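In the two complexes that follow, chain A is the common piece, with chain B as its partner first and chain C second.
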Partner chain A sequence: MIYIIQTIVIYSLTYSIAVMGLSLVVGYSQIFVLSQAAVFGVGSFTYAVMSSRNITSDLLIVIPVAIVIGGLLSLVTGLPLFRLGGDYYIVASLAFQYVIIQGLVNWTSVSGGPPGLFGFSSPSILGWNINSNMDFIYVLVPILVLALGSLLWVRRMPYGRALVAMADDEAALAAGGVKADSLRVGVFVLAGTLAAVAGVLFTSFLNVASPGDYGISESILMISMVLVGGSRSLIGPFIGALFLSSLPYWLNLVNWSVYMTGVVTGVLLLLVAFFLPDGVAGLATSWAHRRRIHGQSRQAPSVEPSLGGQS
Partner chain B sequence: MTAEKALVFSRAGHVSHSAGRDGGASRLVARGLFKRFGSQEVIAGFDHDLEPGVVTGLVGPNGAGKTTIFNLLSGGLKPDSGTVTFADQDVTGKPMHVVSRMGLGRSFQDVRVFPALDCLDNCALYAQTVRETSLVRTLLMPRSTARLSGVSRQVATEAVEFVGLGSKKDNLAGSLSYADQKLLAIARLLAIGATTLLLDEPASGLDRRGVEKLMEVIRRLRDEGRTILLIEHNLDVVREMCQKVLFLDRGRVLAEGTPDDVFARTELAELYFGA
Partner chain C sequence: MRLSTAPISRLVSTLVDSHDHPQRKVIEVYYLQVLINGLVTGSIYGLAALGFNLIYGTTKIFHVAYGSVIMVALYLVTSISLTGSTAYWAVGAGLLISLALGALVYAILYAPLEKLGRPRPIIFIASLGLATLIEAVIPWIYSPQPLSFYLPSLNTVFFVGHIAISPLDVAAVVGSLVLSLALWAIIKWSKFGRQLRAITSNVELGSVMGARRGLILGSVFAIGTAIGFIGLTMQTMSSSVTPVIDVSYTLIAAMIVLGGGAGSLVGSYVVALAWGVIQNGATLWVSADWASVIVYVAFLVLILIRPVGLVSSISKRTL
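Up next is the complex of A and B:
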């Protein structure tokens, strides 16, 4: 039992790191990229390759390497991605996802092909071997806190203020001298970097990396975590990650097949789409928020909603 | 104004007292602008040298193409032919975020303040530098970013106080009255350090008191030596504020001169008010 709880905690913490940055992408940039799992996978294979080739299993080295690889990859894909007009970037992000994972599948000498790589030496930090579940949790928590701290900082700073503005009105943002596309690329890279870090942690825990685990359905799961949890709050991705990453366990508990995971996730997404645009976390804040904004503006003459913004 | 504040203003490219001196350099010139949307020729040859340090009115019936001219001048919208120069640089069709940083600020007919940000943040956003807006710097140089952000907030405070919204600086822009939102939209342009301001119907939808407040702000901007191009349907405002008026109809300037001269022409009045 304690083992199961620990595993659930490890999964949720790892996925929280993986989708935390994505919440900025979805919540503020209001863009739906379907390539998060690819960078997650790239992080995974960074660890898998470095560890299986006995380069190093020290997380203090592997994680920075994964950050650089994941970050650069996101940058070179993000730059052209957001130049695309309309909603074509969704298609482009799908293509990106596909190319990366199929690339891994076919690059057999590095990735081990479809079965992937497995059986690595256990991860370590400066000679301390990370073996037990509790050890993993000790590693995950500070990384999570650091990631969360960075995101909170970004949100408080001018960059975060620009993100909020971008979600409302891009033309007015441009009139203020800020280019929306650069903001988008920025959060996209940040999200990719965090996913790559999570990939390292995930694989060092599971001791296996196979390309098939990072396919499009995984990307959809990751974006579902953000949407179900709530994309406009930082706690949202935690809620989503906690619930959806452990969903197979809960289903098992009530004697449902694990194959129902997809169905339940789909139903949850629909419920959120129809009833909770700001996810579960939005439920709690919406009441207070509604009082704050709408309560005051009711006395004010209504302002033309400024949609579109492409003038 | 204290020396310290003057320093802050200068960082944002603010010109304050000395705007007039700078006015010559950041002259806005339009040459032979044409723009069609589909089969409709919306701007049919617009030529104008915006006179520095002067408030120029741009009037004309609905759909004459006034806002389109703003869009052409302020970047973002490419003309089919013709050029726009600002501060001796060709800015034709350049992205709006580039042009606005050069000191050419524009407001929107539908106001477009950021409802989820408070007044101060609305202005601080316009005041923030490119460096502050860098994600890499935000993460790797937190202290310098925080310091720069503090400076922008100071500039923003100045701007908010200039238009008389000092006491409401912490209110969400979405909760402001329409009149205050319009003042905030002008404050934002001061925050970005605009030496030339394109104002799209700032007085529309305001009651008498709102119009009075607005005219007071425009008067002070003019006294500082800023260059203003003003689209306005309220002809009393145009008469009081503008030294010069352009009358636009179907994308063509039909008349140009002092407000009294232009408004005295009956054929224009007929066009304007509809025969």
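Up next is the complex of A and C:
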């Protein structure tokens, strides 16, 4: 039982890192990115290739390499944001997702083809071998804190505030000019590097990397984590990642079909669209907000930013 | 020397160099066959894009569950019949099913969301949810294994000169051309088409129309889904039915519509044909593995050079 709990914690922490940056992109730039799994997968393969070729398994070396590769890849896939928006970027990101993963599948000398790479040495940090689940959690937590710090830093930056301010107004966003666009691409690259780092951690834990695991459905799952949890709050992606990444385990415990994962994800997205435009975290904040209004005497309610526009 | 150059220059040098070369004819036939196959593939993609274009161009709803809804109709067809002459009746029934499903999706999903005043990003989330739901339910009820959907009478080839053509190929090319023209004529000249254009061009006018507007948009979803169903049926008849076909079907339709210029029937038709030809050419001269990657990259290049698509409908409303 303790093993299952540890595994669930590792999964949800890893996915939290992978989708944290994405929440900033979705929540404040109003851009749906459906290529996050591709960058996640490239991070995975960075570790898999370096480890299986006996280059190194030291996370202090692999993670910076993954940051560089994932960052460059995100820069290439993010540059169209200067020209494309809305639906056009959804389609472009799906095309990028397909091209990257199919390219990886076809590049068999590196990726091992459809079966992928497996059975490499366990990760280490400066000679300390990371073997047990608890060791993994010790590695994940500081990385998560660093990632969270970087997000807070972006939100505090002058243009980060502008981004938050413009979140509800597509016209204002469009009128924001090149600097706002650069920031959008910057945030996008940050989201990509975080996903690549998460990919390294994911594969070093699982000891397997297969290109098929990073397809379009995985990208949809990752954006679902953000949307279900709530893209406007810092806690939202954690809630989404915790719930959706551990869902297969819960379903397995009660012996339900594997397809239930997709059914639950789909139903949750529909519920979000109909009732919770700001996700579960949005529900919590609006509840707190209502309590505050009730507590104070009737004042004009301040307008909370909402992806739903009207709430 | 000739073999080492790129395909197009190979064609040119073949035609120029070998005037009386015995192989010349063979190579010409070979290129012509690739071109024909490409046009057939492109015509099927054209149907996929036509249905998507009708929905997207009119409602501006990014209906990402497009292929998934069509897949539901196709799987219902497979539970009726997949072989023999009954399969034709089953496909006919599937056409009616897809009309009904399209209208149903608008009535129970998009219309209520529009009534709630949800903006387009939220409507996209709902569409994504529907697609995810269908992609899990279909392999659960049916099987994730591919189902063969092969009608021998439609796939038996005959020869025109040296070019091999099957009745299905003819049906795809003629069908997509006729349906495109018919849709264009309906939008241009019928009363339904005029009301449709009114809704597309003027949102406020559309909202004044009230219940009539819902009826028109419902029929747009019904017709779009049915057109897409015809395309997907043709595509699966020469391969097989699997519960994952919907993803690439929607994606290709969306790429062609945006690449051709949203709302432009001509633009998306041209892009669809080019798409089929490039894909078939690349399959032959590069490899089947890289062919789709090449076309996707071509789309990305096109959309970056011309973000409005090949034929811009902003200045000139074609639909």
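Definition applied: the second predicted complex is superposed on the first by the 269 of 311 C-alpha atoms of A that agree within 3 Å, B and C clash if a C-alpha of one lies under 4 Å from a C-alpha of the other, contacts with A are read in each partner's own complex, and residues count from 1 in each chain.
Note that contacts are C-beta pairs under 8 Å (C-beta built on N, C-alpha and C of every residue); 3 or more make two chains touch, one makes a residue touch a chain.
No experiment lies behind these values; they were computed from the predicted model shown.
**Student:** Looking at A:Ser150, would you say it contacts chain B, chain C, both, or neither? Reply first, second, both or neither.
**Tutor:** The first partner, chain B, only.
**Student:** What is the contact status of A:Gly186 with respect to chain B (first) and chain C (second): first, second, both, or neither?
**Tutor:** first
**Student:** A:Val267 contacts which: chain B (first), chain C (second), both, neither?
**Tutor:** In the superposition, A:Val267 contacts chain C only.
**Student:** Looking at A:Asn129 after the superposition, I want to know if it touches chain B, chain C, both of them or none. Which is it: first, second, both, neither?
**Tutor:** In the superposition, A:Asn129 touches no partner, neither chain B nor chain C.
**Student:** Go through the superposed model and pick first if A:Asn252 touches only chain B, second if only chain C, both, or neither.
**Tutor:** In the superposed model, A:Asn252 contacts neither chain B nor chain C.
**Student:** After the superposition on A, what does A:Ile216 contact: first (chain B), second (chain C), both or neither?
**Tutor:** Second partner only.
**Student:** Would you sort A:Ser121 into first (chain B), second (chain C), both or neither based on which partner it touches?
**Tutor:** After superposing on A, A:Ser121 lies clear of both chain B and chain C.
**Student:** Return the residues of chain A at which the contacts from chain B and from chain C coincide.
**Tutor:** Shared contact residues on chain A: 309.
**Student:** Where on chain A does chain C make contact in their complex?
**Tutor:** Interface residues on chain A, with respect to chain C: 30, 32, 80, 83-84, 86-88, 90-92, 94-96, 98-99, 102-103, 105-106, 216-217, 220, 223-224, 227, 257, 259-263, 265-270, 272-274, 277, 307-310.
**Student:** Which residues of chain B touch chain A once you look at their complex with the stated criterion?
**Tutor:** Going through chain B, the ones touching chain A are 67, 71, 74, 76-77, 95-98, 100-101, 105-108, 110-117, 121, 124-126, 128, 130, 132-135, 138-139, 142, 145-146, 148-149, 152, 171-172, 174-178, 181, 188, 192, 205.
**Student:** In their complex, what parts of chain A are in touch with chain B?
**Tutor:** Interface residues on chain A, with respect to chain B: 150, 153-154, 157-159, 161-162, 164-165, 167-169, 171-179, 182-183, 186-187, 189-190, 292-293, 296-297, 300-301, 303-304, 306, 309, 311.
**Student:** What residues of chain C sit close enough to touch chain A in their complex?
**Tutor:** Going through chain C, the ones touching chain A are 56, 62, 64, 109, 112-113, 116-126, 128-137, 139-140, 247, 251, 254-255, 258, 289-290, 292-293, 296-297, 299-300, 303-304, 307.
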